[in-house]
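Here chain A shows up in two complexes: once beside chain B, once beside chain C.
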Partner chain A sequence: MTADPAPARPGHNIAMWGAPGSGKTTLLAALFIALTRRNDDWKIVGSDPASSDYLIEKTSALSLGKIFPEASTALERYHWTLIGPAEPPDARWSRRPRPATPPRIGISMIDAPGGLFSAGRRRPGSTPDGQADLRRRELLDNLVDSRGVVFLFDPIREFEVGDAFDHLHAPLTRLAERMLGSDDFRDGKLPHHIAVCVTKFDDPRVLETAEKRRLLSANPDDPYGFPRVSSEDARELFRELCEVSASGNADMVLNALDKFFHRDRIKFFVTSSIGFYVDPRTKSFDWHDYQNLLPEDEGEDLRIRGQVHPINVVEPMLWLGERLTAGEPRAEPSR
Partner chain B sequence: MSEPDKDLLRKAVARGVAGLTGTARLTVVELAADGLTTFKIHRDDNGVPRGRRWSVAWTDLTVEPNRGEDARQAVLSAADAATGEVIVVCSFPDGPEAGRALEWLQEAYAAPTFTVDVPVTTLVRDVLADDPLSQSYDLVVMRPDPVTGRLVLATTPLFPIGTRPRTRTDVTVRCEPGDEYGTAFAVVTWQGREPRLLSVRSARLPPGRYEVTAELVRPGRVTFTGLPELAPDPRGWAELVQSVPSRLPPPAGPAHLICAVEVCGADAKVAERLSRAHQVITYLSGELADLLRVSLVAYGAHSFDRSAKDRPVEVAAWQATADQALDALRVLEERGAITQGYPYHPHAAQVEDMLEAVARRLDPDGAAQVVLLTVGDRPPHPARADRSRILPCPHRHDWEVLLGHLEHLPGAAFGAICDQPAEQAHPVWRRLGARTLAHLNALDLRGLAAGLGLTAPAAGRVPFPLIDETE
Partner chain C sequence: MNGDTVRKISFEWALEGKEPGSYDDYELLSWSDGRLGSEVFEEIRSRYATGASPELPQVTIAGAATKEQGRVSRHVVLAIQEWSGHRDGTNRKVAYTRWFFVPYEQLIEHRVSYETLYGAFARLPVTPGPPLTVDVPELDPKAASPGPDAMSAAALLMTGRPVCVVGAEGVEMPQRLRFLDAVAALMPYGLRTRLTASTWASSTAEHKIRLFFARHAPEGAHAVSWGRGVQIPRDEGRARACLDMLTWPGVEPADVIGRLSEQTAPLSFAQADRLTILDLIERACFPSPEQEPEPDLARAPGPAVGRDVGPDTALTVATPRSDVRGADLRGTDVRGTGGGTDVRGTGGGTDVRGTGGGTAEPTVPYQVSSSLKPSAKPPAKPPASFGAAPHADDEEPGPARWKWSTWNRRTQLVMTVVGTVLGIALAGVSTVAVVNAVGQDDAPPAQSTVAPPAQPVVVQASAGGKDRFVAEVVAETLRRAGFEAAVQVIDKMRFPQGPAVTVAYDLDTLEFMTQGRFDGTRPDDFRERLRAELRGWGLSQLASLPSVSRDVLMFDPGQVKADKLESVLKHPSADDVVLVRDSFGEGLADALLRRYPEVKLRRAPAQELPREMGQKAAKVVIAPEDLGVDGYQPSDLLDDVLPERTLIVLVNAAVDPAARQALTTVTAALDQKRLEAAGQAEPQQAARELVDQLVPLNPAQRAASSQPQPAQQAPPQDKQPGVAPQPGDSFPLSLIFIVVAAVIGFLGLVLLLFRFPDRYESKARHGSRR
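Entry: the complex of A and B
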């Protein structure tokens, strides 16, 4: 599905990157819920009907139907706007303050089928697949135009399949190729900001790894007392989880990111789209019983056990939005 | 053709049979209207008279041009009476072939001749069936030495020489759990100092004393009453005595069998598990009789959906008689698999809740041996979230702690019947089946019971009835 272009589209694109099944669609669906659960005014609205429809559909599936959204099978573009709390006006320039203006971070997000990113291998002499080439070009165009990237790293998939590097390396190389002549690539680094999201923090294997490495912290303001891994420690957890990659190539993901992106433009987030299970009676995180994913029966969809409490789903977006808007020339205030 | 002739013939045949020893043969030749019938009678190794017969038509005896022998030789050859005692019977003296054959036989053997009008076959059969025993019949028993406790293979007399059929005799025996065939009631005769197996029939008998009446039906056939029906036992003497233990197994004490059955999952599997529990209880009831108490616990899967109430473990019977437990089991069998309350956890079951229910009810000071027999497939829920990704028990029961507690109870034993073969079963089943872990599809009841210490192992089984002359 492709959304109708909106007349007042924000200028920033945030592309989502990750292997198939790494949780891109789930993350998008969790975004609305995460914003709703925050005690602030941040909200997300669709910038066009298709994006609104997508938001409604996926959010309902996640929170009401408690069924995981279908993984995306077609290239889909969505355009949303994150609207924040109104900022106080700058009184220095006017005696009569103008109405508060809430910050708006435009997000143009592409949800692409995971396999499309890694479908770049072509044997010499083989006939190019026109449709795939078209999609790949469209995707690369979007990556070139984007300055923010959400890269999803699914540690469970990496443990079982080990293809994270495979799905990073090909598009990264092509992106660099496309931007080789650009002024933005003059210093040998891509200009993008990249939020590396280590997903499935709710899985016992990920949480236990973080616990054993003493990387867990708690937010005293969190009413549920969920454990968290700060962004400062997330990189170490990422490195630790790479150790158990099925292919043994996960360490190259980290190296590739460092080689192609400015170190200060990479930030790690340990995320969970569905979050931890919270017993409705106790309303707090329980170390004995936190698994929110019901094990699947044969031939049946995954089911979510309790309420969805996304963890670190909004933060990467806000960080990217803030970093991207921070790079814009500041508008001259009107007198 | 008078009644006295018939009696004389009967007496002559009986006398001839009585005189048979070793390899001697008695030949009875009947000359009838249509041909010649020969009865050849001998005694087998047990002294039982055995007869066989063959008939040849007159037409085959008198028309043999191709062989070049005359009719006389043909008749003598068909009679085959060259050795042993011969009796000639003519049941059709007016016939020319019978008359001529009678002359030839009298010339050849100087045999006593009888003329009767009754079927000789019936007469011979009656004589053989009414033959008094030429050898004594003994029942094979085992006799425990009151001092050393050693078991001695012995016999007790049933019928002495000369006993007539339809004679009865009583014998008191004691039966212990038998071997694969149960307890064998073997009758032997004696060849010098060596017993010779006459007959053997077996049955699985509940342990205890039995007042048995043996009846000599006819030579070679003894029946026993006062016992469940005995079945033919195909074993020979060597095989029968091969499994005789040197000592009596320790006496079985009271036992408390707790059958815990997983009643969630596929209908067919649940039915099969309940059926296996049924078999085990029935079998042990036969082995231990009143010494057995049975508890029955049914457990399923936890529900983790707030809309479906978690179904607790069901104690269908506790320390009940085997019959009461089987009644409770039938109720479970009629109900079938628990399907109400979807969604249940698909990969684990309330094993930990079952263990808690058992531990809570068990008397740690109980005198009976306690055996927990778990029949199922799924692993328990962990006490807390772990890498198995199986959701933790809602009651936080810790199966490892509970099982450890039960394992430390004196006399506790653990057996399991798992849907999977041992090598494919979840590791917890190796603890649940610490003493014996059987596969649902290949259950050896005797091995399971012996492995759990509820019955004597096959090597220690007493294959014959016991006789204690001090009692």
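Entry: the complex of A and C
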């Protein structure tokens, strides 16, 4: 018995890119919940049994077990299909209306251990050359094949460690080197679309920074009244958060992105995979009690306090999916 | 080797994990200060990452080869992944992976199982200190008890693709590890230098593990269900041959495992090595009788361990090996045999060189395998390896060669010339005799001049289709292996007492044996039942071929319109019956009735179906798709109910083991492409051409084989095996050749003794100065 090849695997490769602990795996784990909480017909379906299992298990772990997924230690690849709301058929020329066909966006998501994105910093006496790591080479191969990237910027880690630039510039440089001879790099810019996600929006330090800079807005259709940062303001928040980088190198992240990617192919999102806490009685956001991450106990797993309300988790995927679906501009997903 | 012996083995180690509170990713934290550098550990941990398991501990097995100063050093690697008990900077639990590297040469002298290795290493502290040795019991062949899943997994590894064990979610790691041990034990021990296996791997991870447990098999991998065998894909002839051998009646797993554990020469899963592996498995399943010792060779000193072995050393390297990374293959001592590789265990010696630091030890000399020695029985041919591996004659020295060097040059030259002349003369005589024999219509086959009385084997099959062609292939193969074989066309299945090979479809066979009384419609159901029935009938399934036929629903459009067919099945009138053969299984009938509860079946003898259909005696018929009766159209209404039938080759206990081996070899090479191609031609000629490709003939055999062998309707009686040849008209001509050759030989001898030696010796001296 040979494992069946998945039928009509999607062709859009999207790579998750970010430092260890920046939330790559958690963001993927929250994807199903995020789509389910939306008031539209977008949904996500596994394109093979293993990818479906991941959705089912991680969704259960987050929503019921209220625990975070384990960090990736190998290159993981998930094949999913995003299925959108059915579009009304064009019946002008047809006497018999045809059934509506919902848009489908196939994505092949690559989740790699964050350490593979580092510049190869090693302990004394260990291998000096990061390229020796076979998984780095495989990751680079995947980046070359991808045309969509979800880049996660963890402001908390940047504040405490300050290595976001370290985890961007090395693979970016190698990626550019690999694509130097490609037609897609003829204009000096990488062909990728990149969704820059500022993660951990639910952390008070991030939320308060956004609030102080008056970058918050609210969606009038949101029954919980969660604060948000629009994509237009997300870039500004990113810049502000770079100011508190432990290494002082975070500002170079923005410059590096602008240098290597087309400006119109970069979009910023301020995200939270677990979202804010919502009191079950009031069922609305409370500025005085919004932390959804329980304080750490010694030797215990990080736990989620209440329901998971992902913020801007689906949007980067949909944006990438739609941009990568060449020549098929779908209806802008809205809430 | 019984598992009682415990010996210390040395190792090197590395620890992968995170420091407590670290924000970094997993990395090497520490490692032993031995010969292996951190780059070796880095590469291995990077190459064989299996993902993050929610259930720890888990074990991963791998092999590592390093090259030091041109010498290859091999290690068996065992990694234990377990929780460290501390957390990283983001409060996530940190797992440790402890990598242990054991030099393979130690594991040749003291063969071990993975389970015992794990037991020894698991007890060690996280960062072991000197002395870096552990006590490990020796491998006990009786401890491994491979089930159908392990045998299937071992067979599927012969395809070169990964094998994933599924359905083992509730199975604990130690039991999984024992499974990996069982699979490894069913393959030559030397494969442990390259086998990668894991008790858990992420279903979504992109890893390089060859044998692993996972919830879902990734694309391209074979899936084996825990506790159950698996149906080997039809186009995987080698895997099917391997499974057939391992499950052969009378083959004891413990014996096979014991013999395979003797095969310690490093092997890989590269294409060429897989042929060797299959050959070694065959030898382990069907060992040849013990050979007489050859004292000259046994005393021959072997090259020292670690010494560079030159290309002219006749005992070196027989196995083509293309997939050994960084390996200097000249340093690997694999002793070749014809058609494969006979890798001998060394007892006190070793057959892995180039590890450095070793002392010179005598190597056990190569012994010609029984299948290559002259024997009263026809030579057995290794499966799937003909034409791929070098002949023993090309590589192995015989006793005469050792004496050769002790004779003086003059004698050597004389012997050479005389031998050459006589050889030419004899070849000429033979050629003339053969030419004459071919020219005589009533002359007996040339093979009867040398062959002992051949065992007659009946090969039976039905009249047409692929089974007839396969029967011709079987008969041709048997003839070339020295047996007398003729194809009998049978209308109704029967199983004679004497040596017989039957080519038939599995479902037909089961229907015949059970008279249609069997349940189930899935191939797995009835194949299990078939195995049991075959045992009861004293038959063995030699091969399962990639040729499938199936029953189809057919209807006469003159009597039933296509769009009314289903209503005939759903609500039949009095004369709306479905004609089926009398052996139509009860399980199939039940399945049919579940679909159409009112359907009416009328049974008729299978051989009557064409006649009844020719007379349009039935509106609707269920019959084999290749029945080929005009006027009936197939329908796909029952395609999901009616099972496929696969062509199988059966032998009874009277068939000689050598014949079985020859057939195993050839049937393993019968892939779908070959069967399809051959189906277009006349069966006997096509069979001969195919066997020609697989087992090339010598001229005498070719001449004999060119005689047509008609298919018989009755047992053969016109053959008298062992009839002496008639000299015929070729005798005087042959005599002239012998006389001429003898005269030439004598003259050559005189000339050489009295004239040539001086010149030759001076040349020899000149050569030696160089």
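FYI, the second predicted complex is superposed on the first by the 302 of 335 C-alpha atoms of A that agree within 3 Å, B and C clash if a C-alpha of one lies under 4 Å from a C-alpha of the other, contacts with A are read in each partner's own complex, and residues count from 1 in each chain.
We adopt the following convention: a residue touches a chain if its C-beta (ideal position, glycine included) is under 8 Å from a C-beta of that chain, and two chains touch if they have at least 3 such contacts.
Remember, predicted model here, so these are calculated numbers, not experimental data.
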(message) With both complexes overlaid on chain A, does A:Leu294 touch chain B (first), chain C (second), both or neither?
(response) first
(message) Which chain, chain B or chain C, ends up touching more residues of chain A in the combined arrangement?
(response) C
(message) On the A-aligned overlay, A:Pro280 touches which partner chain: chain B = first, chain C = second, or both, or neither?
(response) first
(message) For A:Pro204 in the superposed arrangement: first (chain B), second (chain C), both or neither?
(response) first
(message) If we overlay the two complexes on their shared chain A, which of chain B and chain C does A:Pro49 touch? Say first, second, both or neither.
(response) second
(message) Contact-wise, after the overlay, does A:Arg305 reach chain B, chain C, both or neither (first, second, both, neither)?
(response) first
(request) Once the two structures are superposed, pull the chain A residues common to the chain B and chain C interfaces. (result) 296
(message) Per the contact definition, I'd like the list of chain A residues that touch chain B in the complex.
(response) 203-205, 208, 280, 287-291, 293-298, 303, 305
(request) State the interface residues of chain A toward chain C in the complex, per the touch definition above. (result) 1-6, 20-21, 48-51, 53-54, 68, 70-78, 113-116, 118, 122-123, 125-127, 132-135, 138, 157, 160-161, 296, 299-302
(request) Using the touch rule from the top, collect the residues of chain C that touch chain A in their complex. (result) 23-29, 38-39, 42-43, 46-47, 49-52, 54, 87-93, 95, 161, 164, 202-207, 214-225, 230-231, 233
(message) Under the definition above, what is the set of chain B residues touching chain A in their complex?
(response) 304-306, 343, 345-347, 383-387, 389-392, 394, 396
